[in-house]
Every structure is written in C-alpha cells, then in structure tokens.
Amino acid sequence: MIDEAAAAHPVVIAMRQESTSWLSAAYIVLNELTVEVLPDRVVHACRFLRRMHQFERVSTITAVDRYPAEPRFELVYHLHSLAHNQRIRVKTRVGGESPSLESVTSVWAGANWYEREVFDLFGIEFKNHPDLTRILMPEDWQGHPLRKDFPIHGHRYDYMEPEGGSAQ
Amino acid sequence: MSEVPTLEAPVVADLRQVLEAPPETRPRTMVLNMGPQHPSTHGVLRIVLELDGEHVVHARPDIGFLHTGIEKQCENLTYQQAVTLTDRVDYLANMSNNLCYVLAVEKLLQLEVPPRAEWMRVMLVELTRLNSHLVWLGTHAMDVGAMTMFFYCMREREDLLRIFEMFSGQRMMTSYIRIGGLALDAPRGWEQAVGRFMQTFPSRVDEYEDLLKKNPIWMNRIIGVGELDVAELVDLGVTGPMLRAAGIKTDARKDAPYSGYEKFDFEVPTFTENDVYARYRVRIEEMRESIKIINQARAGMPGGAFQADAPKVVLPEREKMKTQMEALIYHFKIVTEGFRVPAGEVYQVIESPRGELGYYVVSDGTSKPLRVHMRTPSFGNLQALARLIQGKLIADVIAILGSMDFVLGDVDR
Amino acid sequence: MLPFVQGGVPISWYLILSAILFAIGASGFLIRRNIITVFMCIELMLNAVNLSFVTFSYMWRQVDGHIITFFVMVVAAAEAAVGLAIILTIFKNRGTLQIDRINSLKN
Amino acid sequence: MDFFLLTIVKAAIIAFIFLTTLAYLQLLERKVIAHIQRRPGPYRVGPHGFLQPLADVIKLITKEDVVPPHVNRTFYILAPFFAVFFALIPICLIPFGPQVEIFGITTLMQLTDLPVGLVMVLAIGSIGIYGIALGGWASNNKYSLLGSLRSSAQMVSYELALTIAIATPLLLANTLSLQEITQAQSGFYFGFLPRWHIFQMPWPQIFSFIIFVIAAFAETNRLPFDMPEAENELIGGFHTEYSSMKFAGFFMAEYAGIVTICSIGTVLFLGGYNPLFPPELGSNFVPAFLFLGGAAILFFHALQAERWRDKITFPLFGVVFLGIAAIFAVPMLWPYLLPVFWFVMKAGVLIFLFIWVRGTLPRFRYDQLMAFAWKFLFPIALINLIITSGLVAVVS
Amino acid sequence: MDVFLFFLFAAIAVGCAVNLVLQTHPISSAISLIGVMVSLAALYLLLGAEFIAAAQVIVYAGAIMVLFIFVIMLLNTGSEETEPVNALSRFLGLPLLLVMVGLLSVVMLDVAPPSQEVRFGSFTGGGAADVGLLLFTKYLLPFEATSVLILIAILGAVVLAMREVD
C-alpha cells in the first residue's frame, strides 16, 4: 500500500528502484513520511538510506506494542538527514513468542542504546548487537515494563530479601 | 563512514570480574566506580572507569538509576493529564518538554492555537533555555573548581524561577503549556517582571564571560579538551550545542520551525573547535540569541485569546459553564473522560536547551495515548561519553562531563 | 638519681646503639622477602652507620663526620631514585615483589 | 627551672591563641567567600555567626565517630593525628616580637629560637605529608588513594620551588634563625622604605616572594592546587572516609598549615614584626587609629541597622573596638603590642589572599600543575637564586 | 637529662627498627623507618649536629621515604607472603644476631674512650655555617662528584621510567 503523495517522494522512488520486495507500505500522514519494510530487510533498508540519502543519524528507535494484534510489536526508526534537512520514519513489525530482528548498530553506532532500551522495555531481541543488556531497569528485573500486558503499577518488589525476591 | 569503531569495546569493567581475579592475572589498571553518588556526575550517573594511573583506559556509563517509567505512566493518563509528567522528564527544561508534547498532540488533533499562545510559548521556552544554560554554566564552572560562578548563576536563575512561579504558580514543575494553548492567561505585571530581568541579564552574561574568559587556569582546563571527530559525533546521535560546537549548523528552530519560530529573527551560533570551550561559547551565544528572541516576543506580543477555540479539547470558561448547557457538557466530558484524539502517529521535534527533543505520540483513537516515546537529548548525547573520555585524565573527564550538559532525569525518564 | 639527670651519656652507648640498629637492618635484609622492605633495611643500615659517623665527629670535635653523613644521604637519595624506578619496572614486568620469584634474568 | 616554667607559660599562651585563631580563621574564610559570592554566610549562631566555630566544634565532637570496616585501622586513626601534630609544631619557632622585659623577666616573644630554625620548620613541614598520604592510603578507597598519590607528588614537586625561593632571602640575611632574619630586615631606606627582603637592595626579592606564595598554595593544598581534595573529581580525596573529630583533625591541619606558611612568608619577606613605616612618621599610632576607624564604622552602621539586634550588636562591637584602640593608645604597652600587631597584620593580609584566591580561581589539571611546578616555577626560582647570589657576592 | 633523652630516643629507634623488620606490610615498615629516622635526628641534635639533624629529617624522612611510600601505594601489593623457613635459620638466627651485636659492641667499647661523655651543648660545631665551610673547601671535589652522581641517578630513573612507557 503506497499512497500517491508517498509514491512521488524521491526517497520512496529510489527505494522502489533499488528493490521491489522490501517496501510493504509507504505513506505521508501529517507531513511525515513513513516507509514500512519487512523485518528481515531493515538493516539493508537502513544501510541503503544512509548511503544513498545521507540519513547520517538515527534520531530514535522505539517500539509500539499493539497487544492483542499480531504481530504485536511495531518497531519505529526515526532517521534524520542533516544534509537534506529531512526526516523519515521506518517501520517494521515483529511478533511471536520471542520477537527478534537484526540490529542496526552496524549502520549507526548511536543505535546502540536505543536498541538496548527497546530490548529492556519491550523484550525484543536484537541479533548481532555488541552489548545487549538491560539499560534502564535493574539487571535482575523480570519482565518488560512497556509491554501492554505488564501491569501499570509493576510487580510487588520485596526489597528486604536478598535473593529470589527480585521481582514478582 | 559506516565502519566506525564500536561504542563499547570488550567489557572488562565490572568490579566483580576484576576483583575476583587472582592477583597475578589482575590487570595493572584500576577500576574506579564513579557514581552513582558523585558530585560531578550531576545526578545518579554511574561510570565504571578503568584507569591506568590517572588516564581513562575504558569507560562504561551505567544509567537507569532515575528510571521512573514516565512513558508507561503516560499510557494510563489522558492526553491533558500527561502534560504534568512531561515536566518531570527534564527538570531544567520543563517548558520545552511541555511544548514538545503539546505540539505533538495538537498536530494529531490538527488544532490551531491562537498567536498569543504561540508567542507566549516561545518566550517561556526561551526563558527556560536561559534557565537551563545558567544552571549548566554554574555547575560546569564549579566542576572545574570555580565555586563562585555557581552562586552568580543561581542568583539569575532565582529571578527566572520567580517569573515561572508568577506565570504558573510553580517554580519548576510548571505544566503551564497545555494542549490548546496555555493553562492560564499571563498574569498581571508579567511584562514588568520579564522586562526587569531582561534589563539586567545581558550585562550579567558579559560579566560571566569576563570572569571566566580572563582566567588562564580555566581556559587551560577547557581549550582543546574533549574533541571527537564530527562524523563520529553525528553517528553516535549527539545533538544540540555539542554538535553546533563541532561546526554543524543544526537547530530545529530553524530547520523545522514550530510554534511560530519562523517569525523571529535570531542566529544559530556555531563554532568549529569542537572542544569544551567551543561548547561553552555556543551556550553563551545561545543565551544572547535567546535574549533577542525574548525581547522580540515581549515587544510584539499579540493580544487576544490564549487558548484555541476548540470546545471539545479546551475547558470552557467558568462563566460560560454556568450559563450554557453545552459548555457544561463539554466540561464534564473533558474532565471525566478526556478528549478523544484521532488515530495516528506523529513525531514532533523541537530544540530543547540540550539538543533535539522529540516526542513520538501514537494514538489509537481513544482518550489515552497508546504510546508516548520521548527522544530526549541527554540520552543521545550521553552515548558519546565513553568515546569522549577514553584516554583522558580524570580531571578532563569531569570537564567533559560538565560540557555535555545532561540531566539524568532526561536520560532515564 | 642526680647523676642520672645531670651526667652525660658515655659515647660508647651511641656506638652500641648504632651497632644494634645495623644488626637489625642486616637481619631484616636477610629475612624479609619483599624487595621494598629489603630496600628499607638497607636504608636502616645506612642510618646506623650515619649515627656512628656523627658520634665519631663529636668524639673528635670535628665536622668531617657530618660531611660524610651528608654524602651518605645524597647517595641514599640517588640510590632510592634509581632503586625504586627499578622496582617499579620489575613489578610491571613480573607482577610480584617477592624477591625469590624474581630469579630469572629473562621472562 | 625558671626556663621551663617560662616556656610552659609561653607555650600555653601561644597554643590558646593559635587554636582560637584556627577556629575563627575558618569562620573568616566562610564569611569572606560568602561575600565574594554575594551571600551572607553563617549568621545564625551568635551575632553574624560569631559563635559558629563553637557550634562547629560541638557538632564535630558529638558526631558519631565512624570507622569504616574496610580501612586499615591503625593508620586510619593515626593519620589525622600525624597531620595535626606536624601542622601545629612549627608555630613554636615563629617570632612574634623582639626581646621584651615583662614582670622583670627578659624573654623573646617567641617560644624558642633555634639557630637552624628555618630548616627545622621546613623539616617538620616535609613530614606533614605523611598525614595526608597515610590517611588516603589507609582509607582503602580509590578516590582517597588517588588523592594521596597526587598529594605526595605535588608536595615533593612544590617543596623544591619553595625551598629555592626561601634560600634567596637567606643569602641576604645570612642566618637561619628566624629571629635574626627578622632583625636583619629592620630599618628603612631613605627614611621611609622598609628594608624588608621584598624591597631589599641589591636585588629585591619580589620574584622569590611570588614563587613562595604560589608554592605555599600548593603546599597547603589550597585552590587552585587542591588536587588531593578536588571534591568535584575525587569527592574529598584523602579525607573522603573521615568524619567527626578525625575529619576535624585534617581540617585543622589545613588551617594550621596556612597560618604557619603565612607566618614564614611574613618573617622571610615582609619583615616579620617590623613596622611598615618608621615610628618617626607615626607608625605607632596606626593600630589605635585603625580600631578607632572600625568603631566609627560600626557606630555609623548601628544608626541605620535594619534588624533590631544589629542595633545592639553593632554598638557593642564598636565599644570593644574602642577599648582595643584605647589599649593601643597607651605608649607604655607599645613594646609588647606593636610588634604583634604588625606581624598579625602582615600574616593576615597573606591569609586573606589565600581565602580570596579560593573564592576566585578554578582548579588546575594534574598534569598542568606538575608542568607549572617543573617548567615554570622551578627555573624561575633557580635563575632568581643565581642572580641574587651573584649580586650578594659582588656587593659583599 | 641527657641520659633520659638518649634512652628515650634510642628506645624509639630500636623499637621502630625491630618493628620495621617484623611487620609484613611494607607501609608499616616504612612508617617504622620514618620513626627510626626522626629519633636519630633527635639523637643528632643531642650530639650537636644541628644541620645534619635537619637534613636528616628533610632528606630522609621528607623526601626519600615519601618516595618509598609513593611507590608502595602505587603498587599496592598488600602484605608480604610468609614462606617456610628452614629449621637451621629459625633456631640459629636470633643467637647469631645477638652474637654479632655483642661482637660489634665489644669493638665499639674498645674504640671509644669510656671516660668521654656526651653532653648536650658541649660541641656546637655542627651548625650550617661550619658544615658549609668545610663542604666548599676541603670536600669540594667529593661534593661536585655527588652532584654528578645525583644527575646520573635522575637520568637513570627517567630512562627506566621512559622504557616503562613504551
């Protein structure tokens, strides 16, 4: 599904020329260009965008949990081109029991902490990430707080017990 | 350029690993656990430093001590209620966070705010920038050892906080900028209060420059310290004054004007030295530019309404509520349930004092956001820390930490 | 009691003190295994010798003994500088200060 | 036994005055820095905080004496005593005045005058490092260890420049006794210029004095050379793990060090207890007029005081000042009071300089500090020494 | 008074020296050595060697020992490991030490005339002026030689440290 405005956008045109398979959707809503790619092509798409369109920095990487739906996680990459003063949103969907996809740290070193944050809060695993550990939550935390099935008030945490009382 | 070195080299630096090793195999380096309680980490940042003498061999920042789950909490509040949480993200640039979130939601609602609200927002956000830069200047100077500077900066900040209190009733957690406009109309006498401050402040900035720039010890401590290749800085996601000090002219106020910034005349100061001193100069010049913007906003402040004419979003006036049935119904709806926001997603970027501040708001059509993600500048900037301080002396580590101007609330959210 | 308060100290006592200190230093030199401690024992022996020089100087009412003491101090300072530099290098290379373990010329 | 009795009395007087001075020096520092930073400083305990030192002492004594479990107990407890002990001793060699006759006893206004007094002061000062070094090491804390390593290296480096800076006035005075050094600086050129070493022909010792002051900052670990403490880098450096009276020990040692080094500077370069200008020009009336002026200012402020208690305390202090002025106006007491007054004034100016600098300057970086000592101070001191010795040889 | 002071400082010196040898941690040994040096300085004062006493404190206690402590803290190796000693040295060590002290004492008693006594103040030739005068006249050549020695020592230390950097 590629809408008219997006089809005319130079980035989308170039991406479609490069490969026909990776764009599953592209649209412009509220003046923001979004391209959706398949999860196994994210790294290629990102590398392409960086090389060909000078999206030299990744502004942020995050995820959205659309819980009952499947695949439940929407991974969102916001890219920024300083040279063209342009922003683009790259989206992909992953789901399943243990969601995972390729890390983009090989494209931008700055993706490191954002991916760790997504791993920490959503439990999405990034393959080939140099240091995939929890970043915001304690190391021994159980569960992933930003998932919709994680209770809003968290779990009861017993601070007195040295072991076993880490969470839940 | 994609073959940049990985951010964190093989992990040596957990205290336990090193201490439990037998003495013969113990590395000659010393592991120093800097923070989370340390005067110069500006909050609860922990940096595990591996030292060879006083040189940093390897650094690993450890964050999350101030994680309060604001993003999760936002999902459980109505759109208007969530404004109060955005204050708490960056306690030195609360108005900027208010503004960014509010702009994002307004974009989803496709709501136009009246010009008075826009101009007032610009003025307050620039005052916030002054506030943040003042605190930065004071603490940075104190890190380097110039104790007096801190008190001078706090003196001016006190005036600023009084102004904020005058507007919102709160010194720090203002929540003054609301969806649809402002919380209240500007208080009586705000022009005099801001005017008085603006009269003295420019000379104070000069005074700071005199105090610091004419001090050879201070200059020696910061010139040529904390340099990193520009490409690497961009790659690591550094934004704001740190990037402008490296010669890249990027500023959301110019690149993607919001809230009517295109109507103001100001410059984006950049320097190319890319050291701590350049960062200092960028921030000092930014203070001067902010003064210009505030003066323009003050001089040309439009009259009229301070809230949008959108009865479904903005609470009705007290008077109308008591006389009109419709207004009463809207009031009841907004207070009990909140307003519905059309489904969609938006990524709003503004220039906070620390750099690129982005709010990614996803709505599923209900009155509570599905997801609010905060792209905070401190988080992005802090990623460069390990690279910036590698191979430096401990004293330089302090100077560089100071120059990065991060707020731990902003990092951990 | 009175002579004890008012009388002088026989000069030989100083020399015996010097001998005792020297003997302690020598024994420490033999029984200690840490290079730095061994080094300090050498300093102790030098000090003991210095005491006897100053005592002899007093005995003959001449300052020459002081001069020799002075030279010993200078030599000790030079020795400490070089010796400690060597110890530092040894420790960095071998990771130990135990004198028995530093028994090979080449690693 | 007269000698012993006299010494004990003098020691008691000096110890009492010195310890009180240390307590109030700390108040003075806080007040002066507060005013540099445009804030009032301590003012709650007593009028304008005058009883603050007392409150501090009570607080420090009654605080729990924590000994962390991971420290090396012996040296941890020993270190502050080392520091205080060696910081307090040198004051017994400082001459506050010439020989005077009081109640029929002739004595020096000084506890004891050794023929090698100055070298003794240096010797005791050089042992003073151990307090800091041991404290840092025994704390078994990495910040402390870094602090004491820095302090050892720093003190050894700056001691060199300090010693050479001290050597030049000795060439002029030709003695090591502090009393004789002071006496060598009495008299005036052209009837008004004092023959202090910083003015003395053939080669005024101004450079030497400046080097001395700079090295003194480093020796006492004061900003801009407070590497061992550097609270922004090393939290508290060597005294991070110390609390209550043991911390107070280090604290006191620091201030005692300042007083000592300022006194030495006064004796070596500023003419000790010799007056600023000759009595013929009226120098004997200076203290009386000074305190009179102080009293006048206090009375003036009392008239327009804003707080009601200032209306009481200002005149009260004014009366005290008037009383002191009256004491200084009695010519009979001049031989005893004037030398002490001049000495305290000069040392006080130097101490004020220490405080002023702390309120103004940032901290050096460690390598800059070392480079400054070895590449700048040391060569200049050496050149100054060569020039001075050459000129002294030529003139004599 | 002389006897009292002598015994006081001699006791401190011997006690510290024994402690130096018996302590296993180098820092304790170093502090003991400082104690020995300071009490020896006091004894020098009793012997009328004022300048040497001051120099002893400045050079030995103030500089050399600071260097030692600096190195010990820098390496921070902890206590020395005790190793088994063979029976012969364990049982013969102390007696042999005492024999050695005894022999030395006999020689010393022989050398020193028993009649001569040390009294504080009876010899005042140890001031800075006297030492300096002799140093720059009679001992000028050795003095210059020591300065060259010091220079070489500094260079040597620097070279060793430089090699360490590589």
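We just call them A, B, C, D and E in the order they show up, numbering each chain from 1.
In this section, contacts are C-beta pairs under 8 Å (C-beta built on N, C-alpha and C of every residue); 3 or more make two chains touch, one makes a residue touch a chain.
Everything quoted here is computed from the prediction, not taken from an experiment.
The minimal number of chain-to-chain contact steps leading from chain A to chain E is 3.
Ranked by number of C-beta pairs in contact, the top chain pair is C-E. Computed centre separation for the pair chain B/chain C is 64 angstrom, with centres defined by C-alpha atoms. Mean C-alpha positions place chain B and chain D at a centre distance of 46 Å.
Between chain D and chain E the centroid-to-centroid distance comes to 32 Å (mean Cα coordinates, whole Å).
Residues of chain B in contact with at least two other chains: 23.
Among the residues of chain C, those in touch with two or more other chains are 92, 96. Annotation for chain E: residues 51, 55, 63, 67, 74 touch two or more other chains. On the side of chain E, the complex with chain C involves touching residues 1-4, 6, 10, 13-14, 17-18, 20-21, 26, 29-30, 33, 36-37, 40, 43-44, 46-49, 51-52, 55-56, 59-60, 63-64, 67-68, 71-72, 74-75, 77, 80-81, 83, 85, 89, 93, 97, 100-101, 104-105, 108-109, 111-114, 116-119, 123, 125-126, 130-131, 134-135, 138-139, 142, 146, 149-150, 152-154, 156-157, 160-161, 163-164.
Every residue of chain E that touches chain D in the complex is listed here, in rising order: 27-28, 31, 34, 38, 41, 50-51, 54-55, 57-58, 61-63, 66-67, 69-70, 73-74, 76, 127-128. Of all residues in chain C, those touching chain E in their complex are 4-28, 31-34, 36-37, 39-41, 43-44, 47, 50-51, 54-55, 57-59, 61-64, 66-67, 69-71, 73-82, 84-89, 91-92, 96-98, 100. By the touch criterion given at the top, residues 72, 74-75, 114-116, 119-120, 122-127, 129-130, 133-134, 136-137, 145, 148-149, 152-153, 155-156, 159, 176 of chain D touch chain E in their complex.
Remark: chain B residues 30, 32-33, 38-40, 54, 141-148, 151-152, 155, 215, 217-218, 220-221, 393-398 touch chain D in the complex.
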